[in-house]
Every structure is written in C-alpha cells, then in structure tokens.
Amino acid sequence: MLRYTLLRIVGAIPTLLLVIALAFLMVHAAPGGPFDDERALPAEVEANIAAAYHLDEPLPKQFVRYVSGLLRGDLGPSYRYVDYSVNELIATAFPYSLRIGALAMALALLIGVSAGTLAALRQGTALDRVVMGFSMTGISIPVFVVAPVLVLLLAVKLQWLPAGWSETGGAGRYILPVVTLALPQIAYIARLTRASMIDVLGRDFIRTAHAQGLGTATIIRVHALKPAMLPVLSYMGPAIAAILTGSVVVEEIFGIPGLGQFFVRGALNRDYTLVLGIVVFYATLIIALNLVVDILYGAIDPRVRYR
Amino acid sequence: MSGNRTVKVTGTFLLAITVAALVGPWISPNDYVTTNLDQILVSPSVSGMHWFGTDGLGRDLFVRTMHGIRVTMLVAVVASLVSLVIGVAYGAIAGFVGGRVDAVMMRLVDTLYALPFIFFVILLMVVFERNFFLIFVAIGAINWLDMARIVRGQTLSLREREFVEAARLTGVSTARIVFRHIAPNLMGIVIVYVTLTIPQAILVESFLSFLGLGVQEPQTSLGALVDAGVNQMERASFALLIPATLLALILMCFNFLGDGLRDYFDARQSP
Amino acid sequence: MNTIRLIALLFLLALGAACGTDDDSAEPRDTLQRGIPTDPETLDQHKARTIQAADVQRDLGEGLVGYSAVGELVPAAATSWDVSEDGLTYTFHLREGAKWSNGDPVVAAHFVASVERLVDPDTAAFYAQFLSDIAAIEAADDLTLVMTLAQPTPYLLSLLTHPATFPIHTPSVKELGDGFARPGKLVSNGAYVLDAWIPGSVISLRRNEHYWNDASTSIDKVNYHVLVQDSSELNRYRAGQLHITSTVPPDSFAQVQAELGDQLHVAPYLGVYYYGFNLSKPPFKDNPGLRQALSMAIDREQLTAKVTGRGEVPAYSWVPPGTHDYEPPALSYSAMTQAERNQVARNLYKAAGYSDDNPLRFELRYNTSNTQGRVAAAIQNMWKEALGAEATLVNEEFQVLLSNIRGREITQVFRSSWIGDYNDAHTFLKILESDNPANSPGYASDEFDSLMQRAAEQTDLDARRLYLEEAERVMLADHPTIPIYFYLSRHLVSTEIEGWGDNVLDYHYSQHLSFKAAQ
C-alpha cells in the first residue's frame, strides 16, 4: 500500500512540471501585458515596472526563477493586485470555492445515490423514467441558463433567497449556487448508481440474501450498497474536476470571490503569476484527491489492492 | 426495444433541426446581419415578418437562430472528430502494443483526465484570440481522454480474439491487423462516444461564448444567442427562451441518442 | 451502511463548515452599502491608476482641495491659498489641528514627501506627469506649503483634488515601504479608515475619529461591494442589499426608469466615447476626407436613442459640454440631418477613390463586451448602408486592444474612450498633443501643438480659453478621431440616502451622505 502510494506521488511530478511549463508558455505567449492601460505610461516608467517584475528577462530565465520560487512555496506577487501576493489571494479565495464545491459534491452524492437506487429498485416503472428524465435534463441545460433564471425568479421577484453573494448573508446564500453546481453531478451519479445497482442486485449473493428472508432495505444497506458504489467512487476523480470547472461559471454568475473567478479575471487581465499559481494549485489538489480516491477504492475492493 | 425507438426519435429530431438550419435562412426574406433600429426586440409572430422576433439591434432572430445552430453544430461535430482522431489513435496504440508502453500511456491519461481542462481552453482562447479554427482544436483537446480509454479497453479485448490470432499466425503485418481487423470492430463503440462527446463540446463552446471568448460578431452560435438573451431576459423573454430551449433539446437528443446507440451495440455484442 | 454514514458525515461537515464561520446578523443600519465594478489594484495613491481606486481613496484621504457634493471646489486640507501675480507661485495655508487616523498631526512636509515620491522614477507612478508643471515644492513651516510652477496652470486646483496628490504619512512609508497601504496598516487623513479588504468581495471602511471634520460625517461604516457584472449589482439593489449602484445595465435601463425612476440619477459625465484612426498607416493616413466621410455616416442620434439607449448625448465635439469655463466648438455637420450628412459623406468617399465596385475594406477593433459589440455592429451597418464601406469586426480583450493601439501596427479603426482627470478642457486636449503617450491615433499637428503651447502660457483665463477652443477647432477639422457620444453617469440611489449630488466628475464622497432619519 505504502509503496503504491509513493510510486503514484513520484509518477505525478513530471506531469505537474509539464502542466506548469505549458501554462507558463501560454500565459506569456498571450498578447497584451498586465500593465497596459488607456492612461499610457511614459517609456521610462514602463521600463521601470518591467524591470521590477523581471519581465525584461529572457523567458527561460523567468521560468527558472518561477520554479525555484515554487519550491520555496512562493507563488510570486500578483501583477494586478499590487498589495497582495498570489499565496494570499489563493488563501483568501479558496475557502469560498471549497465550501461551495464540497457542499455541491455532498448534495450530489446524497441525492444522486438515493435517486439512482430508487430507480434501480423500481426499474421499468414510471418512477424510473421520471428520475432518468430529470437527470437527463440536469445534464443538458447549461448552468449559465439555469442560474440567471433562478435568480430572477427566486431572488428578485419572490425575494425568497438572496440575490447574490454577500459576506453576511447567512446560510441562505449557499442554496442557489450549490444547487446549480450540483445539478449535472446529481444527474451523472444517479445514472451511474442506477446502472450499477441493477447489476449488483442481479447477482447471486443478493438472491441468496432474499432467499434467507432479509428485507429489501437491509439487503441494500448491508450487501448491495458497497459494491454498487464502486463505479461512483471511480467517477469521483472526474467529478471533482467537473465541479471545479462548473465553479468557474457559478462563481462568475453569482459573484462569489472564489478561485474560478480569479482565474478568469487573471487570464483576461494578463495577471501571469495569479493564473499560473491557480493552475499549479488546482493541479496539485486534484492529483492529491485522485490519489485519495484510488486508496479508498483499494480499501473497498480487495481485488484491486494487490497489483 | 425502447433503445431502438429512442434512436429513431432523437435521430429524426436532430436531422430535422439540421435541415431547418440549412434551409431556413434560404426561405426567410431576412438575413442575419442587417440591423433595423426601429424594430428592436419585436415579439415573435408566425404571420408577420419576424417568426422568432428580433434581437437588440433589430436583427431577425429566426435567421440568426438558424445560423447559430449551424455554427454550434459545426463546432461540436468538428471538435468531436478532432477528439475522435486523437483518442482512437492514442487508445488503439496503447491497447495494441500493450505492456509497459500501455501502462505509461494510460498513467498519463489518468493524470490528465483529472486536470481542469477548462482552464487550458480559456488560456488557449486568450492566447490565440478566438481564431475560429482553434476553437475546434481547443475543445477537441479536452475530450479525447474518454475516447482513448474506451478504445484502449476494446482494443485490449479484441487483441485476444481468435481472428486476430489467426491473422498474426498467417503473417499479416501489425498495421494491417489494426486497420483491417480491429478498427471496424471499434466502430460501434466509437460512434456511441462521438455522440456523447458532441454535447460536451457544445457546452464548452456555449461557456466560452458566455465569457465573450466565442465566435465574433456578427457571427453567432446558440451559446452566444443565449448569452445575449440572458441580458434581455426581462424585456424580451423570448430572446432567451427560444435559443435556450433549442440548445437544451439538441443536447438532450444527443445524450439520448448516444444512450440508445449504446444499448443497441451492447445488445449486438452480448452472447 | 458505512458508505451511507460516510456520505451523511461529509454532508454535515460541509454544512457545518459553511454555517460555522458565518455571521448571521442582518446589516446594521449605520453601514452604507455601495457597489463598485472591480477591485482597486492598490490603495497606494501613487501606484494606483484606475477610477475605482480613486473613488475609494477619496473616502480615505484628503488633498489640499476637495469638492462639495455638487462639484464645487472647496478647501479641504488647506484652508486658504494665495496666488502670485504671474500665476507661478501658490502658497497654501494648511488647516490647523488636522490629524492622521493615528493621531499624528498633518503637516506640510507630508505633502512635499508625497510629491517627491510621485515623481520618483523608482515609484513608477502612473500619474507622475500629472505634476510635471511643478518646478519646486517646499514646506515653509508646518502649516505653509509653497509651490512654484513652470507655467501658469489654471487647472492646478482641480488637479490637487486627485488622490495622487494626497499627502503620505511619512513614518509609515519609511517603516513599511510599499506595503503601507494594506488594511490595518494604512494611516489615512480623510473621513474613513481602511478596516478590511477581501479581494473580489468587499472593501470595508470605518469612521476616522481623528478627522478634522468628523463631526459632520454621518455614516459610520462604508462597504464597497465588488460586483463585476452590472446585472448582479442591479439584482442586489432590487433585493435591498445595496444602497448605491455604480452603474445601470444598458439592457435593463428602460425598465429601471419605469420602476425605479425616483431613485435613478443620470448626469453628464466628463468622458467621450470615440473611434480612433491609426494615422500612421493607409488607408487613413493623410486622408482627412475619408475620415470625415466615416464620421458623417454615423447616425449618432439613432445610436444613442436606440442602441445605447440610456440617454447619452451625441458628440459633435471632443471636449464634453459642461466642462468648466469652456464652450466646445462643434463639427461643421452637427446641425445637418442625417440624410444630408450621408450625401456629403458619399461625395467625400467617392473623392477618396472608393465606390460600390471598389469598396473601402478595413477592420474595426473593440474590446469584448456586449455593449461594445452592439454599438460596433450597428455602426458597421450604418457604414455599409450609407457608403458601401465594409468594416470587419474584431473583438479583443481590453489589455490586448490597448497593446495593439499602442503598437500602431495592425489597428485601423479602434474603439476607445477618455475620462477627464480634472474639470478642465486641458485634460481632453492634451492627449492629442504629438508627444503625449496617450495619443492613440498618433495625431501630430504643428498647428495644434503650438496653439496648446500658447494656451499654457496665458495667465488671462479668457485668452487661454480662446486658444484652447481654437486648438479644438483645428483638431476637429482634421478628424484624427470620430467622437461618438459623451458619457453619462448613472446610479441608483436608495430613497434612504440623503446628500447625493450629481456632478460632472462623478465624485461622490461618502462623508457627504447620510441616512434619512427613521420615521
């Protein structure tokens, strides 16, 4: 187990370096720099600023400088937010993305697994079709269509929920963003669970349990749920990535000061270090989370463990 | 079999939409560029000049929507083909060669699979300034991983089948085996996944349009129309509802179609 | 069993994390909630350059001179000033008893240090050229500041309201260096102190009790909410979470006017929206007739009435009307009907060698935004219909566009704008001087430059005005740019707020505002 973990970690490093190099090149290849403005700078001032941020050095040198900073855990200064370093910005913004993302994931699992199980138990009935129909709609309608419509209805017209993010809004302000973000994942997880549960319920050991007189609820709880969860578990990796992706849209729409919003703004403003910092941060996070998922998978499914 | 019926229904709908998108602009008296500042946000009327109404600049929404469908479908299909080519090539090679090469290639896929590609797409769009061609490439670059995995799995299992053994024994070259024997058997699975990749591509393109990074004015796509519609939501809800509904329907049809095709091919393959 | 427990546990944990760190209390009534479209890039007044930074800084700091709620110059850190006969020496008498937020007295040396830091090349300050006319500045004593100018600068007082000229607390800068402007560290001499700043979310200010005029500051706390999307800002206002918005979304304007008309404040704003030509390359190089044709073919009235739709004023001059002590001249065709303009434009177009068989083809660049796209598409159509000219639309991000404009290589016609830094025609005309870095079209006219120079030498205000107006007349005839419309400021101000004054610079100090007494 330990060896497996260590091997995976070591294996991830080259990928990480590749990701960083790629992002670095793309960001610096983009036309337009971070200091362009309508109020044009006189030439000497521009030169001074470029020197202060090492932008006048050749690209490879800048890259080496950046990576050595990374090794010290320093993601550099932000070009756009002059008073803040990238570390500070990420530290401020990440908790928002984390809370919304974690809530959405938990909600998606809760509802998705329940709905999928229900559909599997009632396979072929109207309930099954309804659940599957809803889940299909969840995948199909884009977030940036659903979100503004919901805001208009529930927040502005009915005033049931807050119109957007605010620092002191209480628990209510989470509802719309979390639900919007969770919707596509609920759909995917419901479908996965249904298919997997149908498969598991058809197996011999379940029939044995039936024959022994155990009730449906007990069978599911004790015997069927764990093996049925395996495909859902292996979907967790891409699910987390999907939630991160979705958070970019949701944060943009609801005005949540999370990492997704900072990323898009940073890309548009050519805030090189912020953009790179967020890419590095997310890449590390996801690789780590995937590792956790793999270990969990190994813990649940003994067949996988011994490689 | 319900699978078959789903395929028929969704397939017909998609075909109908495509035909409408191609033919529509011909039969309408309007074009998609001409602005008319006296006719801003006119409501739709089937008997009048503007069947779907007009947008914020007085342009006919029916023709613009049809154009939007064309662009959206084009981007989605081409992007899916790009990811198809990359994914199949990658997966087939990994699956067929096997061993260490396969392990390395799949490890790469596993790690890349988890990265938020949307970030790279945004960066790509920002770097290359919305070059129309690059939209396809960028979107295609996100989706090839799924394809690669599936194709590799299929190739692995096909490799062990008797007819491949026979071909090898009779001295047929590796390349020939891959192209003449393995590839045709991948068709089924590949078709299914292309149909499922298309909606993802459409969603990415819509999101890029929402950020303002999609197609350029006066060109439009369904995503761009929805974005414009969101801004007009209160004054003219039809400007949002029409493209949004069409977008949702197209996406649902592709999803259902993919599912139906998958059922169909599964049924064919099981013993 | 375990799996269900695990999931439930996850959910509860997440929920707990969400709720645990929140403050569920409703907003206290003594806090003003304002919207701001983006974060200031910094609150260091010398490194800042955006309007948003200046807005927040105006609440935090105070310069020698200030503005009243309706836009009149009033004494601020200086109680009075004397100007010498030749207009070159200004002596400011500082207010006695004025203090920084930590209790230290405000003295002349702080102003001197600020100007020195502003022009120091190591600071790389944006507005370094702002005070380029100041030849010398010194503190005669703690409360007397003497400025010597290179040229009579009639708009000096207006300049001195800008945050770049605010004093700095020298001990802070000495101790903290460039980090002196962070929350908790920033020592300010204005009505408010910086409490907290969560980037992307909110900037919180609280009352500065050491401010000399604290007794007349009514509101205790101010929150600037960073709301990038104007539609989000409008939603929050409607939901009662904001008292003041920074703008009104164009697509909702008509509705806002109908529903919230009594809270809507629209006022002329010192800014011009224009299309610029790249004068260093064909087809617009050395081709004033063609440029004029393109300008005349735009139906500004239709554009502002139907496309931008918020009541903007069509621009037939460069300097906006309402600028202090100035009568803008008008383009020769301002009084014609659009049909007449199109006729003349067509003739000019033909004279330049273009026709239906040989149409003019060029690129129009603008920054990515819904509104810009609509305007560009509308104008593209106008050019097509009136002249047959074919413009291709190219949209780019703001930074990219600026960089391209600066480069003068690939641009042909581009969208741009200029907001006045102070209330004087000079701020608009100076950017078309041939050596000014903000000269986007690359306009270089000896006649214009010399008229501007003559204006700068005048001590008599009327004479100066005449020179400036003549300079503008010359520039307009050359058509280096196409002025399209003049900006308006638009705000929604809640009926709970009193003291709001519309003014042409769109400065709204929080210290002038108060909550209406509860009924």
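Lettered A, B and C in written order, each chain numbered from 1.
The rule we apply is simple: a contact is a pair of C-beta atoms (placed from the backbone, for glycine too) under 8 Å apart; a residue touches a chain by one contact, two chains touch by 3 or more.
From a predicted model like this one, the values you see are computed outputs, not experimental measurements.
Interface comparison, A-C against B-C: more C-beta pairs in contact at A-C. At the far end from chain C, in terms of centres built from Cα atoms, lies B.
Between chain A and chain B, the centres computed from C-alpha atoms are 22 Å apart.
Averaged C-alpha coordinates give centres for chain A and chain C that are 38 Å from one another.
One simple way to say how far apart two chains are is to compare their mean CA positions; for chain B and chain C this gives 44 Å. The set of chain B residues that touch two or more partner chains comprises 126, 129, 227, 230, 234.
Residue numbers of chain C whose C-beta contacts span two or more other chains: 231, 396-397, 400.
Across the assembly, chain A contributes residues 30-31, 148, 152, 252, 268 that each touch 2 or more other chains. Of all residues in chain C, only 231, 249, 251-252, 254-255, 302, 306-307, 368-370, 373-374, 376-378, 380-381, 393-397, 400 touch chain B in the complex they form. Those residues of chain A lying in contact with chain C across their complex are 30-34, 36-45, 48-49, 52, 80-84, 89, 92-93, 99, 102-103, 105-107, 109-110, 113, 148, 151-152, 155-156, 159, 162-171, 174, 221-222, 225-226, 229, 252-255, 257-258, 261-262, 265, 268-270. Of all residues in chain C, only 1-4, 7-8, 10-11, 13-15, 17-19, 22-27, 39, 41-44, 47, 49, 121-122, 124-129, 179, 181-182, 198-202, 225-229, 231-232, 235-236, 238-239, 241, 396-404, 406, 416-418, 437-438 touch chain A in the complex they form.
The residues of chain B lying in touch with chain C in their complex are 33-35, 37-38, 40, 56-57, 126, 129-130, 212-213, 216-218, 227-228, 230-232, 234-235. The touching residues of chain A, when paired with chain B in their complex, are 11-12, 15, 19, 22-23, 26-27, 29-31, 136-137, 139-142, 144-145, 148-149, 152, 237-238, 240-241, 244-245, 248-249, 252, 263-264, 267-268, 275, 278-279, 282-283, 286-287, 289-290.
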